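Going in written order, the chains are labelled A, B, C, D and E, and every chain counts its residues from 1.
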Amino acid sequence: MIIGKVIGNVVSTIKDPKYNGYKLLVIQEMNIDGGYEKNFVIACDLIGAGVDEVVMLVTGAASRSSAETTDKGFDAVITAKIETLIFEDKEVKL
Amino acid sequence: MIIGKVIGNVVSTIKDPKYNGYKLLVIQEMNIDGGYEKNFVIACDLIGAGVDEVVMLVTGAASRSSAETTDKGFDAVITAKIETLIFEDKEVKL
Amino acid sequence: MIIGKVIGNVVSTIKDPKYNGYKLLVIQEMNIDGGYEKNFVIACDLIGAGVDEVVMLVTGAASRSSAETTDKGFDAVITAKIETLIFEDKEVKL
Amino acid sequence: MIIGKVIGNVVSTIKDPKYNGYKLLVIQEMNIDGGYEKNFVIACDLIGAGVDEVVMLVTGAASRSSAETTDKGFDAVITAKIETLIFEDKEVKL
Amino acid sequence: MIIGKVIGNVVSTIKDPKYNGYKLLVIQEMNIDGGYEKNFVIACDLIGAGVDEVVMLVTGAASRSSAETTDKGFDAVITAKIETLIFEDKEVKL
(Lines give C-alpha, C1' and ligand atoms only; values in the text may rest on other atoms or scores of the structure.)
Protein backbone atom coordinates (compact mmCIF):
# COMPACT_ATOMS: atom_id res chain seq x y z
CA MET A 1 0.00 0.00 0.00
CA ILE A 2 1.02 3.63 -0.41
CA ILE A 3 1.15 6.46 2.13
CA GLY A 4 0.16 9.91 0.93
CA LYS A 5 -1.32 13.24 1.93
CA VAL A 6 -4.74 14.43 0.83
CA ILE A 7 -4.10 17.66 -1.08
CA GLY A 8 -7.37 18.32 -2.83
CA ASN A 9 -10.45 17.03 -4.52
CA VAL A 10 -12.14 16.53 -7.86
CA VAL A 11 -15.55 17.69 -9.13
CA SER A 12 -17.17 15.85 -12.01
CA THR A 13 -20.78 15.78 -13.18
CA ILE A 14 -20.35 13.86 -16.44
CA LYS A 15 -19.13 10.51 -15.17
CA ASP A 16 -19.83 6.83 -14.83
CA PRO A 17 -23.06 6.74 -12.78
CA LYS A 18 -21.53 4.07 -10.54
CA TYR A 19 -19.38 6.84 -9.03
CA ASN A 20 -22.40 8.79 -7.69
CA GLY A 21 -22.14 9.38 -3.94
CA TYR A 22 -18.41 8.67 -3.73
CA LYS A 23 -15.88 11.36 -2.82
CA LEU A 24 -12.74 11.49 -4.98
CA LEU A 25 -9.62 12.95 -3.37
CA VAL A 26 -6.23 13.98 -4.74
CA ILE A 27 -3.35 12.20 -2.98
CA GLN A 28 0.33 13.15 -3.14
CA GLU A 29 2.65 10.21 -2.44
CA MET A 30 5.08 10.37 0.51
CA ASN A 31 8.74 9.48 -0.03
CA ILE A 32 11.16 7.91 2.42
CA ASP A 33 12.38 11.24 3.75
CA GLY A 34 8.83 12.07 4.85
CA GLY A 35 8.55 14.57 1.97
CA TYR A 36 6.25 14.23 -0.98
CA GLU A 37 6.73 13.13 -4.60
CA LYS A 38 5.69 15.27 -7.57
CA ASN A 39 3.11 12.73 -8.74
CA PHE A 40 -0.46 12.32 -7.53
CA VAL A 41 -3.29 9.85 -7.79
CA ILE A 42 -7.04 10.19 -7.44
CA ALA A 43 -8.57 7.81 -4.90
CA CYS A 44 -12.05 7.07 -3.67
CA ASP A 45 -12.37 7.94 0.03
CA LEU A 46 -13.92 5.18 2.17
CA ILE A 47 -13.00 6.53 5.63
CA GLY A 48 -13.88 10.23 5.73
CA ALA A 49 -10.43 11.70 5.05
CA GLY A 50 -9.89 15.44 4.73
CA VAL A 51 -7.32 17.79 3.21
CA ASP A 52 -3.85 17.64 4.83
CA GLU A 53 -4.50 14.26 6.43
CA VAL A 54 -2.02 11.43 5.85
CA VAL A 55 -3.70 8.29 4.60
CA MET A 56 -2.99 4.83 3.27
CA LEU A 57 -4.34 3.78 -0.07
CA VAL A 58 -4.62 0.50 -1.87
CA THR A 59 -4.37 0.33 -5.63
CA GLY A 60 -5.37 -2.13 -8.31
CA ALA A 61 -7.85 -4.95 -7.86
CA ALA A 62 -7.61 -4.63 -4.05
CA SER A 63 -9.65 -1.44 -4.47
CA ARG A 64 -12.65 -3.59 -5.15
CA SER A 65 -12.30 -5.97 -2.17
CA SER A 66 -14.99 -4.37 -0.01
CA ALA A 67 -18.74 -4.84 -0.44
CA GLU A 68 -18.90 -1.07 -0.85
CA THR A 69 -16.61 -0.93 -3.88
CA THR A 70 -17.09 -4.26 -5.69
CA ASP A 71 -17.90 -3.50 -9.33
CA LYS A 72 -17.60 0.26 -8.78
CA GLY A 73 -14.66 0.57 -11.13
CA PHE A 74 -12.17 2.32 -8.83
CA ASP A 75 -8.45 1.47 -9.09
CA ALA A 76 -7.40 3.30 -5.89
CA VAL A 77 -9.20 3.71 -2.57
CA ILE A 78 -8.27 5.27 0.78
CA THR A 79 -8.65 2.60 3.45
CA ALA A 80 -6.92 4.05 6.55
CA LYS A 81 -5.92 7.31 8.23
CA ILE A 82 -2.33 7.18 9.46
CA GLU A 83 -1.88 8.40 13.02
CA THR A 84 1.73 7.35 13.54
CA LEU A 85 4.41 6.35 11.07
CA ILE A 86 7.70 5.01 12.41
CA PHE A 87 10.81 4.83 10.19
CA GLU A 88 13.95 3.34 11.84
CA ASP A 89 12.67 3.95 15.41
CA LYS A 90 11.94 7.59 14.55
CA GLU A 91 8.45 9.00 14.25
CA VAL A 92 7.86 10.74 10.94
CA LYS A 93 6.25 14.18 11.33
CA LEU A 94 2.84 13.91 9.62
CA MET B 1 -7.19 6.97 -10.89
CA ILE B 2 -5.24 9.30 -13.17
CA ILE B 3 -6.07 12.79 -14.44
CA GLY B 4 -5.07 13.64 -17.99
CA LYS B 5 -5.89 15.69 -21.04
CA VAL B 6 -7.26 14.24 -24.27
CA ILE B 7 -4.71 15.16 -26.92
CA GLY B 8 -5.69 13.01 -29.87
CA ASN B 9 -7.08 9.78 -31.20
CA VAL B 10 -6.17 6.51 -32.85
CA VAL B 11 -7.44 4.91 -36.05
CA SER B 12 -7.15 1.17 -36.52
CA THR B 13 -8.94 -1.16 -38.92
CA ILE B 14 -6.97 -4.36 -38.23
CA LYS B 15 -7.83 -5.00 -34.60
CA ASP B 16 -9.51 -7.28 -32.12
CA PRO B 17 -13.18 -7.28 -33.28
CA LYS B 18 -14.27 -6.72 -29.67
CA TYR B 19 -13.04 -3.12 -30.07
CA ASN B 20 -15.53 -2.30 -32.85
CA GLY B 21 -17.67 0.70 -31.98
CA TYR B 22 -15.38 1.99 -29.23
CA LYS B 23 -13.49 5.27 -29.52
CA LEU B 24 -9.81 5.20 -28.49
CA LEU B 25 -8.31 8.47 -27.27
CA VAL B 26 -4.75 9.57 -26.52
CA ILE B 27 -4.35 10.89 -22.98
CA GLN B 28 -1.41 12.88 -21.61
CA GLU B 29 -1.02 12.56 -17.84
CA MET B 30 -1.23 15.68 -15.63
CA ASN B 31 1.46 16.30 -13.01
CA ILE B 32 1.15 18.03 -9.67
CA ASP B 33 2.00 21.45 -11.07
CA GLY B 34 -0.99 21.23 -13.39
CA GLY B 35 1.36 20.65 -16.33
CA TYR B 36 1.61 17.47 -18.34
CA GLU B 37 4.03 14.55 -18.38
CA LYS B 38 5.82 13.36 -21.52
CA ASN B 39 4.13 9.96 -21.47
CA PHE B 40 0.70 9.07 -22.83
CA VAL B 41 -1.76 6.22 -22.67
CA ILE B 42 -4.53 5.11 -24.98
CA ALA B 43 -7.91 4.76 -23.26
CA CYS B 44 -11.36 3.73 -24.35
CA ASP B 45 -13.80 6.62 -24.02
CA LEU B 46 -17.03 5.79 -22.17
CA ILE B 47 -18.33 9.33 -21.56
CA GLY B 48 -18.04 11.26 -24.84
CA ALA B 49 -14.79 13.13 -24.17
CA GLY B 50 -13.19 15.38 -26.77
CA VAL B 51 -9.77 16.82 -27.55
CA ASP B 52 -8.43 19.28 -24.92
CA GLU B 53 -10.84 18.07 -22.24
CA VAL B 54 -9.46 17.00 -18.87
CA VAL B 55 -10.63 13.56 -17.85
CA MET B 56 -10.17 10.86 -15.25
CA LEU B 57 -9.19 7.39 -16.28
CA VAL B 58 -9.05 4.08 -14.53
CA THR B 59 -6.43 1.51 -15.44
CA GLY B 60 -6.02 -2.21 -14.99
CA ALA B 61 -8.80 -4.62 -14.16
CA ALA B 62 -11.07 -1.73 -13.06
CA SER B 63 -11.38 -0.95 -16.79
CA ARG B 64 -13.61 -3.97 -17.09
CA SER B 65 -15.96 -3.21 -14.18
CA SER B 66 -18.85 -1.91 -16.26
CA ALA B 67 -21.34 -4.04 -18.19
CA GLU B 68 -20.19 -2.13 -21.27
CA THR B 69 -16.53 -3.14 -21.00
CA THR B 70 -16.56 -6.58 -19.32
CA ASP B 71 -14.50 -8.93 -21.49
CA LYS B 72 -13.67 -6.17 -23.98
CA GLY B 73 -9.96 -6.37 -23.28
CA PHE B 74 -9.28 -2.71 -22.43
CA ASP B 75 -6.72 -1.85 -19.73
CA ALA B 76 -7.61 1.87 -19.51
CA VAL B 77 -10.97 3.64 -19.82
CA ILE B 78 -12.12 7.24 -19.40
CA THR B 79 -14.86 7.30 -16.77
CA ALA B 80 -15.30 11.01 -15.89
CA LYS B 81 -14.85 14.53 -17.25
CA ILE B 82 -13.19 16.78 -14.70
CA GLU B 83 -14.89 20.14 -14.24
CA THR B 84 -12.98 21.35 -11.22
CA LEU B 85 -9.72 20.18 -9.68
CA ILE B 86 -8.66 21.66 -6.35
CA PHE B 87 -5.04 21.34 -5.11
CA GLU B 88 -4.33 22.87 -1.67
CA ASP B 89 -7.43 25.14 -1.75
CA LYS B 90 -6.40 26.44 -5.18
CA GLU B 91 -8.29 25.63 -8.35
CA VAL B 92 -6.05 24.16 -11.05
CA LYS B 93 -6.54 25.83 -14.44
CA LEU B 94 -7.87 23.09 -16.75
CA MET C 1 -3.19 0.76 -23.72
CA ILE C 2 0.28 1.41 -25.07
CA ILE C 3 1.45 2.31 -28.58
CA GLY C 4 4.72 0.82 -29.76
CA LYS C 5 6.70 -0.37 -32.75
CA VAL C 6 7.49 -4.00 -33.44
CA ILE C 7 11.29 -4.19 -33.49
CA GLY C 8 11.99 -7.90 -33.35
CA ASN C 9 11.05 -11.32 -32.15
CA VAL C 10 11.91 -14.04 -29.68
CA VAL C 11 12.73 -17.71 -30.20
CA SER C 12 12.24 -20.15 -27.37
CA THR C 13 11.97 -23.94 -27.39
CA ILE C 14 12.06 -24.59 -23.62
CA LYS C 15 8.87 -22.86 -22.49
CA ASP C 16 5.45 -23.24 -20.98
CA PRO C 17 3.65 -25.57 -23.45
CA LYS C 18 0.64 -23.22 -23.37
CA TYR C 19 2.72 -20.82 -25.50
CA ASN C 20 3.03 -23.26 -28.43
CA GLY C 21 1.73 -21.75 -31.65
CA TYR C 22 1.85 -18.14 -30.44
CA LYS C 23 4.24 -15.57 -31.93
CA LEU C 24 6.12 -13.38 -29.42
CA LEU C 25 7.23 -9.97 -30.64
CA VAL C 26 9.53 -7.31 -29.17
CA ILE C 27 7.80 -3.94 -28.82
CA GLN C 28 9.49 -0.58 -28.20
CA GLU C 29 7.19 1.96 -26.54
CA MET C 30 6.40 5.26 -28.34
CA ASN C 31 6.71 8.53 -26.44
CA ILE C 32 4.73 11.73 -26.87
CA ASP C 33 7.16 13.18 -29.39
CA GLY C 34 6.52 10.22 -31.68
CA GLY C 35 9.97 8.85 -30.82
CA TYR C 36 10.66 5.67 -28.91
CA GLU C 37 11.61 4.90 -25.31
CA LYS C 38 14.64 2.79 -24.36
CA ASN C 39 12.52 0.07 -22.76
CA PHE C 40 10.78 -2.82 -24.49
CA VAL C 41 8.20 -5.46 -23.72
CA ILE C 42 7.49 -8.84 -25.21
CA ALA C 43 3.89 -9.30 -26.34
CA CYS C 44 1.92 -12.10 -27.90
CA ASP C 45 0.74 -11.15 -31.40
CA LEU C 46 -2.96 -11.74 -32.05
CA ILE C 47 -3.34 -9.74 -35.28
CA GLY C 48 -0.47 -10.69 -37.58
CA ALA C 49 1.87 -7.75 -36.90
CA GLY C 50 5.29 -7.50 -38.51
CA VAL C 51 8.59 -5.73 -37.85
CA ASP C 52 8.43 -1.90 -38.13
CA GLU C 53 4.66 -1.82 -37.76
CA VAL C 54 3.11 0.41 -35.10
CA VAL C 55 0.70 -1.45 -32.86
CA MET C 56 -1.40 -1.10 -29.74
CA LEU C 57 -0.94 -3.50 -26.88
CA VAL C 58 -2.86 -4.24 -23.75
CA THR C 59 -1.11 -5.32 -20.60
CA GLY C 60 -2.09 -7.07 -17.40
CA ALA C 61 -5.24 -9.12 -16.94
CA ALA C 62 -6.79 -7.57 -20.08
CA SER C 63 -4.33 -9.77 -22.01
CA ARG C 64 -6.49 -12.72 -21.13
CA SER C 65 -9.87 -11.24 -22.13
CA SER C 66 -10.18 -13.09 -25.43
CA ALA C 67 -11.22 -16.72 -25.88
CA GLU C 68 -7.86 -17.20 -27.63
CA THR C 69 -5.74 -16.11 -24.66
CA THR C 70 -7.77 -17.04 -21.56
CA ASP C 71 -5.52 -19.09 -19.28
CA LYS C 72 -2.54 -18.77 -21.65
CA GLY C 73 -0.46 -16.86 -19.15
CA PHE C 74 0.42 -13.81 -21.24
CA ASP C 75 0.66 -10.39 -19.56
CA ALA C 76 0.86 -8.36 -22.81
CA VAL C 77 -0.82 -8.92 -26.18
CA ILE C 78 -0.97 -6.94 -29.44
CA THR C 79 -4.62 -6.26 -30.24
CA ALA C 80 -4.54 -3.61 -33.01
CA LYS C 81 -2.39 -2.22 -35.84
CA ILE C 82 -2.33 1.56 -35.77
CA GLU C 83 -2.95 3.18 -39.15
CA THR C 84 -3.28 6.77 -38.02
CA LEU C 85 -2.33 8.47 -34.77
CA ILE C 86 -3.39 12.08 -34.23
CA PHE C 87 -1.75 14.23 -31.52
CA GLU C 88 -3.12 17.80 -31.18
CA ASP C 89 -4.66 17.83 -34.70
CA LYS C 90 -1.33 16.69 -36.17
CA GLU C 91 -0.77 13.25 -37.65
CA VAL C 92 2.20 11.47 -36.10
CA LYS C 93 4.53 9.95 -38.70
CA LEU C 94 4.42 6.18 -38.12
CA MET D 1 8.43 -10.52 -6.11
CA ILE D 2 10.41 -7.76 -4.43
CA ILE D 3 13.16 -7.94 -1.79
CA GLY D 4 13.20 -5.23 0.84
CA LYS D 5 14.11 -4.36 4.41
CA VAL D 6 11.58 -3.72 7.14
CA ILE D 7 12.27 -0.17 8.31
CA GLY D 8 9.24 0.69 10.39
CA ASN D 9 5.55 0.38 11.01
CA VAL D 10 2.24 2.15 10.75
CA VAL D 11 -0.42 2.90 13.37
CA SER D 12 -3.97 3.53 12.29
CA THR D 13 -7.22 3.43 14.26
CA ILE D 14 -9.59 4.85 11.63
CA LYS D 15 -9.40 2.20 8.95
CA ASP D 16 -11.21 -0.46 7.00
CA PRO D 17 -12.35 -2.91 9.74
CA LYS D 18 -11.08 -5.80 7.61
CA TYR D 19 -7.56 -4.71 8.55
CA ASN D 20 -8.11 -5.33 12.29
CA GLY D 21 -5.52 -7.73 13.69
CA TYR D 22 -3.07 -7.35 10.82
CA LYS D 23 0.35 -5.75 11.25
CA LEU D 24 1.37 -3.21 8.60
CA LEU D 25 5.10 -2.73 8.04
CA VAL D 26 7.13 -0.18 6.07
CA ILE D 27 9.42 -1.82 3.50
CA GLN D 28 12.32 -0.16 1.67
CA GLU D 29 13.12 -1.86 -1.65
CA MET D 30 16.61 -3.35 -2.22
CA ASN D 31 18.50 -2.52 -5.41
CA ILE D 32 20.96 -4.67 -7.32
CA ASP D 33 23.99 -3.33 -5.43
CA GLY D 34 22.46 -4.60 -2.18
CA GLY D 35 21.64 -1.00 -1.21
CA TYR D 36 18.18 0.42 -0.83
CA GLU D 37 15.97 2.60 -3.03
CA LYS D 38 14.39 5.86 -1.83
CA ASN D 39 10.85 4.54 -2.21
CA PHE D 40 8.88 2.44 0.25
CA VAL D 41 5.72 0.40 0.36
CA ILE D 42 3.43 -0.64 3.18
CA ALA D 43 2.82 -4.38 3.35
CA CYS D 44 0.78 -6.68 5.55
CA ASP D 45 3.05 -9.02 7.50
CA LEU D 46 2.05 -12.70 7.32
CA ILE D 47 5.24 -14.27 8.71
CA GLY D 48 6.22 -12.35 11.85
CA ALA D 49 8.87 -10.05 10.36
CA GLY D 50 10.63 -7.41 12.45
CA VAL D 51 12.53 -4.17 11.90
CA ASP D 52 15.85 -4.58 9.99
CA GLU D 53 14.91 -7.98 8.63
CA VAL D 54 15.14 -8.60 4.88
CA VAL D 55 11.93 -9.98 3.45
CA MET D 56 10.22 -10.87 0.19
CA LEU D 57 6.90 -9.34 -0.67
CA VAL D 58 4.30 -10.03 -3.28
CA THR D 59 2.23 -7.23 -4.73
CA GLY D 60 -1.05 -6.96 -6.60
CA ALA D 61 -3.69 -9.65 -6.74
CA ALA D 62 -1.18 -12.26 -5.49
CA SER D 63 -1.55 -10.55 -2.10
CA ARG D 64 -4.95 -12.13 -1.81
CA SER D 65 -3.97 -15.71 -2.72
CA SER D 66 -3.94 -17.08 0.81
CA ALA D 67 -7.01 -18.05 2.84
CA GLU D 68 -5.80 -15.50 5.41
CA THR D 69 -5.88 -12.53 3.03
CA THR D 70 -8.65 -13.31 0.51
CA ASP D 71 -11.00 -10.32 0.42
CA LYS D 72 -8.91 -8.37 2.95
CA GLY D 73 -8.06 -5.63 0.47
CA PHE D 74 -4.26 -5.67 0.75
CA ASP D 75 -2.16 -5.00 -2.36
CA ALA D 76 1.19 -6.03 -0.80
CA VAL D 77 2.02 -8.77 1.71
CA ILE D 78 5.24 -10.12 3.21
CA THR D 79 5.42 -13.84 2.48
CA ALA D 80 9.02 -14.84 3.29
CA LYS D 81 12.05 -13.88 5.39
CA ILE D 82 15.23 -13.96 3.31
CA GLU D 83 18.11 -15.79 4.96
CA THR D 84 20.50 -15.86 2.02
CA LEU D 85 20.54 -13.90 -1.20
CA ILE D 86 23.07 -14.86 -3.89
CA PHE D 87 23.91 -12.46 -6.75
CA GLU D 88 26.45 -13.76 -9.33
CA ASP D 89 27.86 -16.43 -6.94
CA LYS D 90 28.37 -13.78 -4.25
CA GLU D 91 26.34 -13.64 -1.07
CA VAL D 92 24.71 -10.24 -0.53
CA LYS D 93 25.24 -8.91 3.00
CA LEU D 94 21.76 -8.67 4.54
CA MET E 1 6.45 -10.04 -20.76
CA ILE E 2 9.96 -9.13 -19.66
CA ILE E 3 13.35 -10.50 -20.77
CA GLY E 4 16.02 -10.83 -18.12
CA LYS E 5 19.08 -12.76 -17.01
CA VAL E 6 19.14 -15.10 -14.04
CA ILE E 7 21.78 -13.66 -11.72
CA GLY E 8 21.20 -15.51 -8.47
CA ASN E 9 18.84 -17.14 -6.07
CA VAL E 10 17.11 -16.74 -2.74
CA VAL E 11 17.05 -18.97 0.34
CA SER E 12 14.19 -18.72 2.79
CA THR E 13 13.01 -21.12 5.48
CA ILE E 14 10.42 -18.90 7.20
CA LYS E 15 7.89 -18.42 4.41
CA ASP E 16 4.39 -19.04 3.20
CA PRO E 17 4.15 -22.87 3.13
CA LYS E 18 2.61 -22.67 -0.35
CA TYR E 19 6.09 -21.79 -1.64
CA ASN E 20 7.61 -25.13 -0.53
CA GLY E 21 9.24 -26.96 -3.43
CA TYR E 22 9.46 -23.91 -5.70
CA LYS E 23 12.79 -22.38 -6.73
CA LEU E 24 13.04 -18.58 -6.50
CA LEU E 25 15.53 -16.89 -8.81
CA VAL E 26 16.87 -13.33 -9.02
CA ILE E 27 16.31 -11.79 -12.47
CA GLN E 28 17.97 -8.64 -13.82
CA GLU E 29 15.93 -6.95 -16.55
CA MET E 30 17.43 -6.50 -20.04
CA ASN E 31 17.26 -3.09 -21.74
CA ILE E 32 17.00 -2.30 -25.42
CA ASP E 33 20.76 -2.12 -25.91
CA GLY E 34 21.05 -5.73 -24.76
CA GLY E 35 22.52 -4.52 -21.47
CA TYR E 36 20.90 -4.86 -18.07
CA GLU E 37 18.98 -2.47 -15.82
CA LYS E 38 19.93 -1.83 -12.18
CA ASN E 39 16.67 -3.27 -10.85
CA PHE E 40 15.83 -6.91 -10.23
CA VAL E 41 12.82 -9.05 -9.48
CA ILE E 42 12.41 -12.41 -7.80
CA ALA E 43 10.52 -14.94 -9.91
CA CYS E 44 9.41 -18.52 -9.43
CA ASP E 45 11.15 -20.81 -11.92
CA LEU E 46 8.83 -23.15 -13.82
CA ILE E 47 11.21 -24.30 -16.57
CA GLY E 48 14.51 -25.26 -14.93
CA ALA E 49 16.48 -22.05 -15.57
CA GLY E 50 20.02 -21.57 -14.28
CA VAL E 51 22.37 -18.69 -13.49
CA ASP E 52 23.45 -16.63 -16.55
CA GLU E 53 20.58 -17.90 -18.68
CA VAL E 54 18.33 -15.39 -20.43
CA VAL E 55 14.66 -15.99 -19.71
CA MET E 56 11.21 -14.53 -20.20
CA LEU E 57 9.01 -13.84 -17.23
CA VAL E 58 5.39 -12.95 -16.80
CA THR E 59 4.25 -10.72 -13.98
CA GLY E 60 0.99 -10.01 -12.23
CA ALA E 61 -2.07 -12.22 -12.36
CA ALA E 62 -0.68 -14.08 -15.40
CA SER E 63 1.74 -15.70 -12.93
CA ARG E 64 -1.14 -17.77 -11.68
CA SER E 65 -2.47 -18.97 -15.06
CA SER E 66 -0.97 -22.46 -14.89
CA ALA E 67 -2.36 -25.37 -12.88
CA GLU E 68 1.03 -25.46 -11.14
CA THR E 69 0.84 -21.91 -9.80
CA THR E 70 -2.90 -21.20 -9.30
CA ASP E 71 -3.35 -19.94 -5.75
CA LYS E 72 0.39 -20.13 -5.01
CA GLY E 73 0.70 -16.40 -4.46
CA PHE E 74 3.51 -15.63 -6.91
CA ASP E 75 3.47 -12.33 -8.82
CA ALA E 76 6.29 -13.24 -11.25
CA VAL E 77 7.19 -16.57 -12.87
CA ILE E 78 9.77 -17.66 -15.46
CA THR E 79 7.92 -19.30 -18.34
CA ALA E 80 10.51 -19.57 -21.16
CA LYS E 81 14.25 -19.77 -21.85
CA ILE E 82 15.25 -17.42 -24.65
CA GLU E 83 17.48 -19.00 -27.29
CA THR E 84 17.42 -16.20 -29.84
CA LEU E 85 16.40 -12.58 -29.54
CA ILE E 86 16.23 -10.47 -32.71
CA PHE E 87 16.17 -6.64 -32.52
CA GLU E 88 15.91 -4.82 -35.90
CA ASP E 89 17.16 -7.86 -37.90
CA LYS E 90 20.18 -8.15 -35.59
CA GLU E 91 20.66 -11.00 -33.15
CA VAL E 92 21.24 -9.78 -29.59
CA LYS E 93 24.20 -11.50 -27.92
CA LEU E 94 22.74 -13.43 -24.96
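Rule of thumb we're sticking to: a contact is a pair of C-beta atoms (placed from the backbone, for glycine too) under 8 Å apart; a residue touches a chain by one contact, two chains touch by 3 or more.
None of these values were measured; they are calculated from a predicted model.
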| item | value |
| --- | --- |
| Shortest chain-hopping distance from chain B out to chain D | 2 |
| Partner chains shared by chain B and chain E (touch criterion as defined above) | C |
| Chains contacting each of chain A and chain D, listed by label | none |
| Inter-centroid spacing, chain D versus chain C (mean Cα positions, whole Å) | 32 |
| Inter-centroid spacing, chain E versus chain C (mean Cα positions, whole Å) | 20 |
| Sequence positions of chain A contacting 2 or more other chains | 60-61, 63 |
| Category of the chain touch graph - line, ring, star, complete, other | ring |
| Ordered ring members, chain B first, chain C second | B, C, E, D, A |
| Chain B - residues contacting chain A, complex | 1-3, 31-33, 46-48, 56, 58-63, 65-66, 79-89 |
| In the complex with chain C, residue positions of chain B that touch it | 7-16, 18-19, 24, 26, 28, 38-43, 51, 60-61, 63-64, 71-76 |
